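Each structure below appears as structure tokens.
Next come two complexes, and both contain chain A; in the first it sits with chain B, in the second with chain C.
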Partner chain A sequence: MIYQLNANVRNFGETISELSGVDISTCYQCGKCTAGCPVVMEMSHTPNQIMRLIQLGLKDEVLSSPTPWLCASCETCTTRCPKEVDIAKIMDTLRILALKEGYKRKEPNVVAFNKIFLDSIKNNGRLQETKLAMAFNFKTLQFFKDMMLGQKLFMKGKISFSGDAISGVDAVKAIFERSKGFLDKGER
Partner chain B sequence: MAYGYYPGCSAHGTAKEYDISTRKVCVKLGIQLEDVADWNCCGASPAHATSEELSLALPLRNLALAEKQGLNSIMTTCSACYNRLKVAHETVKESPETLDRINDIVGEPYNKTLKVTHFVNFLSEEVGLEKLKEKVVKPLKDVKAACYYGCLLTRPPELVTIDADPENPTIMDGIVEALGAEAPDWSHKTECCGASLALSRTDIVVRLSGEILKAARFADADCIIVACPLCYANLDMRQSQIASRHGVDYSLPILFISELMGIALGVNYDELGIDKHMVSAANMLREKGLM
Partner chain C sequence: MVESSQNDNIEILTYSEVEEVGGYIGNFEVKIRKKARLVDLEKCTGCGTCYQKCPVKVPSEFDMEMGMRKAIYVPFPQAVPNVPVIDKEHCRMFTKGKCSICQKLCQADAIDYEQEDEIIEDKFGAIVVATGYDLFDASVYGEYGGGRFKDVISGLQLERLISPSGPTGGHIIRPSDGKEPKNVVFIQCVGSRDVEKGRPYCSNVCCMYTAKHAVLLKEHLPEVQTNIFYMDIRSPGKNYEQFVQRTMEQFGALYIRGRVSKIYQRGDKLIVKGADTLAACQVEVEADMVVLATGITARHDSKEVATKLGIPYDEFGFFTELHPKLAPIETVTSGVFLTGACQAPKDIPDTVASASGAASKVAALFSSDRMSMAPLVSTIDTSVCSMCKACMEVCPYGAIQEEEITLRDGTKKKQLTVLESVCHGCGACVSTCKSSCIMLRGMTDEQIFDELMAVAQ
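Now for the complex of A and B:
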């Protein structure tokens, strides 16, 4: 693939370093992150390729890549990097930036899951697992996903339609209101 | 003195038995647990994938509440909760500026006084393996229990420090051996099960968890021991899907470390909640003369 570099090369790398607090310039492409990544076979860009693309300032390529969304946040890359680059943290930064800037969702189910998960916490203070699974299936139009499993879990007394809530739910809501970086404007 | 206990959301749902057995085991060990009142979800992966401030503020509210309650420590049984609570604690300890910023968001001040532990290092450090050995009434003879640590108990090692070696941790192995079982060396101790992709990319979870089961079988394990509700969910609840995808039915019981302890410490099988598992452990336990 041929990439066209432009004058913004430096800027994007600096933006990512600034937002994440991680110096991306020290990556020397040894590939150890990619070698240990459990999800790499699903990725069109491997973690070390993402690092190189950031260094080259190829913002659109990076922020429209499915890679950050496939990252399972297992932190193997961060743990093994010989240059102590916190790659998992960079993946967080890329996810947040991609949402903020309205890039197309390459893994819409992951985005939907995160949103429903956080909505549950915001509204109840705790995660309500049963409702999360139901809302996720509804939102992603997979009405029968895990239905057999759900039935078995019901038999084991693990399904709850009422769910936990806390009395300090307003305090949790306030945390959501005050936290920055929470700007999902949808796809542009 | 009571130890602060943070059960986490799964303890009230898909991992009920982890909570039930932890409480039973602590009674046997003479440990008094005090729940952090009105605790909230730690935010798990979706929070840090969405907002750094949110990912620190949600766990910090729990730490502030525990402090206010007069607790000196907070122990959790979930690896993901532990990871988020510990990362938040260490982050604000390092940076007073961040502490101020997050305290403002939370609206309750956290004074960094708590000791944050996971059940596993709580057992090994606060209780101690010698005391644990003394309390064993039913040694787990001939049980080969493969200890699975997963990701968040050991990584990143600068912040999450249950074991000195993030690549080959042995802290759970020590506990399992203190109970009289054998903890085999095996290849997938710290490989990822797919974790938070459980619902959104179940195909990935089925593949990764299948690899873990295969490796445990290869090590001739009778069961896999976990210390995280998410690892448990992926390894136990997805086994029938793994069987249809890989064509191999591993039927490998996945036990929480508290359940295995409960058996060794003489808690009745019925009181541990083990019957709530998708893959039954009853046959294995019967074969070993443990029920």
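Now for the complex of A and C:
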């Protein structure tokens, strides 16, 4: 593959630096992030490759990569980075940017899960696991997934359909509302 | 060392520390504390009976605590002078109050438990600082075991294991179980190029000593496989690159480009989890032994030494030269020269070159009775000076001193004077002086005004 590098090579990196507050040019490609990543075997690009692609300004390549969606946000990369680059935060930024700019979702299940998870918290102020599992399975068209297991858990009283909203739901909703425009305003 | 000790013009003061430095170039007054080694340097014949018979065993600092030494000991076999020293912290005469085996056995009657520190005061013309460096302490790397794994050793520890006079007599074995390692991992840049650990600089020597270790290991144990995790191979010296290539081609070292994220134990093996950024993948190596190429840091007490000598140091504790390119050996204090790794991480050729440079600088300084200096120095108009001494405080070189003069009528008077050999003409005193009585020679106010007038016309 040949990537065309033009005079605007640094633009994308600067955008990412601005949005995430992490200086992309700091990365010196030692690979320690990749070395410690627990999900790297699932990734098409390793974390250090993503950093390099950003440095090369290859926006399409980065934002259509499944890697940010597979990132578990465990922050091992951030902890170990000898240059104190917050790689997990960059992955976060890439996810937000990919959604905002309408890139084709490479890992639709991950996006669906995150959305259902957050909706559950927004509407109830807490997570309702049973509803989360069911909503996720419906959304991703896997209607019978976990059905037998769910039955057993239900019989033993480990999960239930109850689990009401907390009393301060409105306050939680307000937090969600407030955080909505953060990326547009450039706040963090 | 031996050659130097036999030279009539060289006096070596071992086990001694500089306490105080006064004076200036050509006239340094230095106070040296010659610490009590509790063994008489003159009487001792170096027969070695004392340390053979001493009952107290202590981990040897020279062997990186992998071997033992006695409480009375010669630090290492080639030490000069070949006279032992008593370690007061561990000697039974000092911990329990009785023993004196060494004293009884010493035929030269050289042991003296009552010996006290000796203070030497002398005058010196120049000072060469060659205090060296400390090895980076890798135990701050929690992900590499933080010192918990016995088989994760430093390069210097491997060096001791390879040495015929080392704790194992030159047999390379795992410190944990004494078995010969089959698969060895080297990790470079431990405590170098690591901003997070406060060491952003390159230590200069680790790439080459790791290559050397890989070669030595292969020569000692032909069956061994060496794997070297590196970020970049820095081999800019003469023949260095060829040496690294030989390490790969003839000695079968596998260079893996990437850092290591974690080391953990599985059974009696160490699992090294790293990355190969060239293949863009994670790699795991099942290793018997891991060698950390620990970097160079400034001596732990370098700041105190710098304060005594009146020379600046950088944020890492390395002494600062006068100019990084044009005066790499001189310091801002005239007559104090730097050599070796106390200034910055240096390898052996660089150290020898800077040492030769410092020696030449001193020889040139001593070769004539007069010194040539740049003419831009401060002068004080003592008839105007109010003796507020504000200039003395701001002078970074300590060039302004108080002197007593006798007037024509016989009365004595104190006044300030500039030591021209120490002054660098920086102008700090000129701008500080409230009564404008200090001028830079060649740049007096009148001269500058005249220059301006000439330009304006």
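Going forward, the second predicted complex is superposed on the first by the 178 of 188 C-alpha atoms of A that agree within 3 Å, B and C clash if a C-alpha of one lies under 4 Å from a C-alpha of the other, contacts with A are read in each partner's own complex, and residues count from 1 in each chain.
Just so it is clear, contacts are C-beta pairs under 8 Å (C-beta built on N, C-alpha and C of every residue); 3 or more make two chains touch, one makes a residue touch a chain.
Remember, it's a predicted structure, so these values are computed and weren't measured experimentally.
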Contacts of A:Thr76 with chain B and chain C, given as first, second, both or neither: both
Chain A: partner with more touched residues, chain B or chain C: B
Partner chain in contact with A:Phe176 - chain B first, chain C second, else both or neither: first
Touched partner set for A:Phe136, first chain B, second chain C, both or neither: first
Which of chain B and chain C A:Ala112 touches, first, second, both or neither: first
Touching partner for A:Asn11 - first (chain B), second (chain C), both, neither: neither
First, second, both or neither for A:Leu127, with chain B first and chain C second: first
Set of chain A residues, in rising order, touched by both chain B and chain C: 76
Chain C partner contacts - residues on chain A that touch it in the complex: 28-37, 40-41, 45-46, 48-49, 76, 80-84
Chain B to chain A touching residues, read off their complex: 9-10, 12-14, 16, 38-41, 43-54, 57-58, 61, 104-108, 151-152, 154-157, 166-167, 190-192, 194-197, 199-202, 204, 208, 237, 240-241, 275-278
Residues on chain A engaged by chain B in the complex (per definition of touch): 38-39, 42, 70, 72-76, 78-79, 86, 88, 92, 95-96, 99, 107, 109-110, 112-115, 117-118, 120-121, 125-130, 132-133, 136, 145-146, 148-149, 152-153, 156-158, 160, 164, 166-168, 171-172, 174-176, 178-182, 184
In the complex, chain C residues that touch chain A: 143, 189, 193-197, 231, 257-262, 273-277, 280-283
